[in-house]
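The same chain A turns up in both complexes below, where it pairs with chain B and then with chain C.
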Partner chain A sequence: MQSEIFSKIITVEDIDKVSDELDILLASLYKEKGRGLESALKYNVRAWFSEMLKNEITNNNIGVEKYLRQMKKELAQYTEVTLILAYEPSLSSMERFQSVLKSYIGKNVALDISYMPNLLAGAVIIYKGRYIDLSLKRAFEEELQKNREEIMNLLVDESENNNQKSNEIQIT
Partner chain B sequence: MEVNVIIFYIGILLIVALVLLLIALVILYLRSANNLQKLKEEKETNWRAQMSSAQATVKKVIEDAHTNAGQIVGSAEIFKKEQIDKVNIEINKAITHYTENYNRVLVNLQNEMVNVLKNTPKDIQVGVVKQLQILRDTLQKDLATSRKDVSDLIEKEYTKMHNDLESYKQAKVAQLDKSIFKIIQYVSRRVLTKEINAEEHEKLVIKALEEAKRQEMIKTEIVDTDSNQPVNTKQELGKNSQVNTPKPQI
Partner chain C sequence: MKDFNYYLEDIGEIGFIKEIVHSIAYASGLPDVHPNEVVLFESGTVGQVISFDMDVVEILILTGTKVKVGTRVVRTGELLEVPVGNSLLGNMVDPLVNPVAGASTIKADKYSPIDTQPHGIVGREQVNEPLETGVTLIDLVVPIAKGQRELVIGDRKTGKASLLLQVMGSQAAKGTICIYAAIGQRLIEINSKAEYFKAKGVEKNTIIVASSASDPAGLIFLTPYTAMTIAEFFRDQGKDVLLILDDMSTHARVYREISLLAKRFPGRSSYPGDIFYVQARLIERAGNYKTGSITCLPVAESILGDLSGYIQTNLMAMTDGHIFFDIDLYNEGKRPAVSPFLSVTRVGHQAQSLLLKEISRELSSFLVKYDRMKQFMHFGAEVGENVRNIIEIGAKIDAFFNQPPDSSIPINVNVLILIGIWTGIWNEVDTAVLVREMNHLIKIYSEDEKFRKQIDEIINSHNNLSELINTFRLNKEIILSRLDRPKKQ
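Right after this comes the complex of A and B.
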């Protein structure tokens, strides 16, 4: 099913919202003697959603209810991927992430994005119950731990150099 | 018949012989009894004569004793005086003798005591020196033991203290290391956080996604278009099954 609306769906929240709106529209079909849908499109759903939906329903010669139910079915097919990021991504960034994931997984993806600044960069990914920490924090800590001794030695050397310098200054 | 007569005569002869023997025995008995009577009478006569003689002798002895006693009592006064004098002389002699002996013994004793007193310090000295030697040895032994004990104790305490100090030092160094490390981490994070811009963040996230795919954490899902449900690669695919994207390169 081709719908412009799906291109607007990036996150899990988007799916929830669209799904709720579809439920409202489906519920309104038999209200107010057939005029409930019109009213709901006007007042109970987001404007862009309403506009897009009207156009698509007009262009497709299938019934409204069938179209809405197909959309619902399509939404249910989305795969959820959780990304924990160190920054708050822009919409364009999220679109890129979604696009990359869609190309990898082979189906529509909804992102569940969390913000955790102490990750520094990169991402923690949770997908189908599996977890992987690919953040810079982990890499950074691993690297630090690996070179801990070297770093500590550097610190000690630096400290000794400083002490020597201060002694020289005192002598002069 | 002749034999019976002979036996008869022999019997009579035997009886006669026996009667004669009996008569002889009776006669012998009577004579012996008569002799015994005579002997008794003789003995009694002798005893009486002896008794009379003894009485006369005793009487004479008593009379003699009485006479002697009278003589002794009469001479008793003279004996007494002489004896007393003799006794006095003897006593004086004895006193003199004993006094001399006593004095001699006393002098000997005195000399002996002097010698003993003279020798006493030496003995004491020797004894004391001996005792002191023993005491010194004992004290030296005790001192050596105590010294060893104290040395051991000090060494033990020192080792314990050294170990404690070492542990404390290590703990402190570890703590310091940890603190320094945390500071380094904190500063590095702050610097990194400030230095990484949104574009770099985005690149790093995409890189992370690529890494997840490389590690096969993210896999291509095959969709069965009949049911529009994802299926496992192990499951048999339906007629219209299709792979939406190429399989990830491993």
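Right after this comes the complex of A and C.
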């Protein structure tokens, strides 16, 4: 099913909102002597959604109810991918994430984005129960575990050098 | 068990709780989860997978910490295992073998899975050694053998727990490892049992595996499995183990609760269809093995003396007999209130000596006769001397069977007293004197080594009851000389 509305869906919250709106429209179908849908499109759903849906319903000849139900079915087929990021992403980066993930997974993807600054950078991806930690925090931790002594020595040397330099500056 | 982050990174799978229904949680994710696998929640709560489909994993919550919708859960890749070891002796632990109520730290000798397939026929042996309970009525009429599974059944408050403690006390004193599984009991009851073992000075040979009524259903359900796993550890060390599962009716009720919450199809009395399998698989793990033995005494509660309940009959089918506690006998003041007529031991007799077998047979047939005569007497009928004799001896045997809950009587002194009653040593005395003299004999037997040796020698050298009776008839002085009776002028 091709719908412009789907191109606006990026996150799981978007899915929930669209799904709620479709429920409202479906419930309004046979109310107010057939004028319920018109009134719901005007007052109960978002303007852009209403506009797009009106156009699509006019261009399709399969009937409003069937069209709305097909949309609901399509929404249910979205795959949820959880992304935990170290920063709050912009809309454009979210769109980019979505398109990259869609190209890998081959299905419509809805992002569930969480913000966790202690990841430093990178991301944690949770997809169908698989947990993949690609964060900088994890990389640091691994590195620290592997070469703990070496890193500690480097840090000690560095701090000693800094102390020496500051002493020299004070003397001069 | 390691922490949440370890398993998250090691296994790389995560789930999220979608729904919680009492002690059952439904989680999404965890794609490669296994049946019965242990899972760990973010909050530290432990769970066990009951079932799963393509989208949802059904998890039984085992520990008490709160779990909320949205909580993360990880696989551990492990089946439920508990630490077992000699350091368990003298301790009270929960079903996950965490020390309870001031118990010392448990040092694990190894980890054992708690739900295992019962042993096959290879490795098992016929029961051949009696288990002396120290309870006269049981040792003489419904004997138990090491490795036997004997159901203890009766109404509430009929003295089942006292008898079990008595048996445990006397067995622990003999060096048997005694494990008491308190399944969903009140904390105060559990603690009183621990106190009893301490007071008896036998706690070094006892282990209590306890779950209280306020614990999650999953934890209560695991209690007998953990107790059995610990019993198997000691059996494999070549020791004899006495395992008490108190009680299996509660265990069945808890399993019913879990099954109904998990939307399993209910069967008879709303119990799930596999209730027999679940309990039989557990009790079948007890028995007499080439290495050691596990004598299992599962307990069941009857309602108004009804033995035909679903779980009760199931348990009877799984065990090698049952000891029935009769509420009427209890109300008559008999202690223990065990009904010799409704109690059964299927393999206990085969472990008895020829003499004890004969005594048991004679005693059972006498008790039937005595009971019939007592019923006959209800009609106020005039009776002959023979019947009067039976009634008189029967009353003495009743007094002989009456035993305080904290006493343990060796089998040979039981035989001695019984022979004394049969040979007429106490014919002309009333019950109060009989009881006093019996207690005196028991005391002398336990304190006077010479007397004990003499009695043991006489009893052990006889294989025939009538010969033994004759020996004592001809040598009444052996008993009479110890009774401190005033000499006849």
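Assume the second predicted complex is superposed on the first by the 154 of 172 C-alpha atoms of A that agree within 3 Å, B and C clash if a C-alpha of one lies under 4 Å from a C-alpha of the other, contacts with A are read in each partner's own complex, and residues count from 1 in each chain.
One rule holds for everything that comes next: contacts are C-beta pairs under 8 Å (C-beta built on N, C-alpha and C of every residue); 3 or more make two chains touch, one makes a residue touch a chain.
As the structure is a computational prediction, the values presented were derived from the model and not from experiment.
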Superposition on chain A - do chain B and chain C clash or fit: fit
Partner chain in contact with A:Glu95 - chain B first, chain C second, else both or neither: neither
Partner chain(s) touched by A:Tyr87 [first = chain B, second = chain C, both, neither]: first
Touched partner set for A:Gly129, first chain B, second chain C, both or neither: second
Of chain B and chain C, the chain that contacts the larger number of chain A residues: B
Partner chain(s) touched by A:Tyr104 [first = chain B, second = chain C, both, neither]: first
Chain B versus chain C as contact partner of A:Asp112, first or second or both or neither: neither
Degrees between the directions from chain A toward chain B and toward chain C, using C-alpha centres, nearest 10: 30
Nearest-approach distance, in Å, of chain C Cα atoms to those of chain B in the combined model: 9
Shared chain A contacts, counted only where both chain B and chain C touch the same residue: 130, 132
Chain A partner contacts - residues on chain B that touch it in the complex: 177, 180-181, 184-185, 188-189, 192-193, 196, 198, 200-202, 204-213, 215, 217-223, 228, 230, 243-245, 248
Chain A - residues contacting chain C, complex: 126, 128-133, 138
Chain A residues within the chain B interface of the complex: 73, 77, 79, 81, 83, 85-87, 89-90, 93, 96-97, 100-101, 103-107, 117-118, 120-123, 125, 127, 130, 132, 134-137, 140-141, 144, 148, 151-152, 155
Sites on chain C touched by chain A in the complex: 8-9, 12-15, 28-31
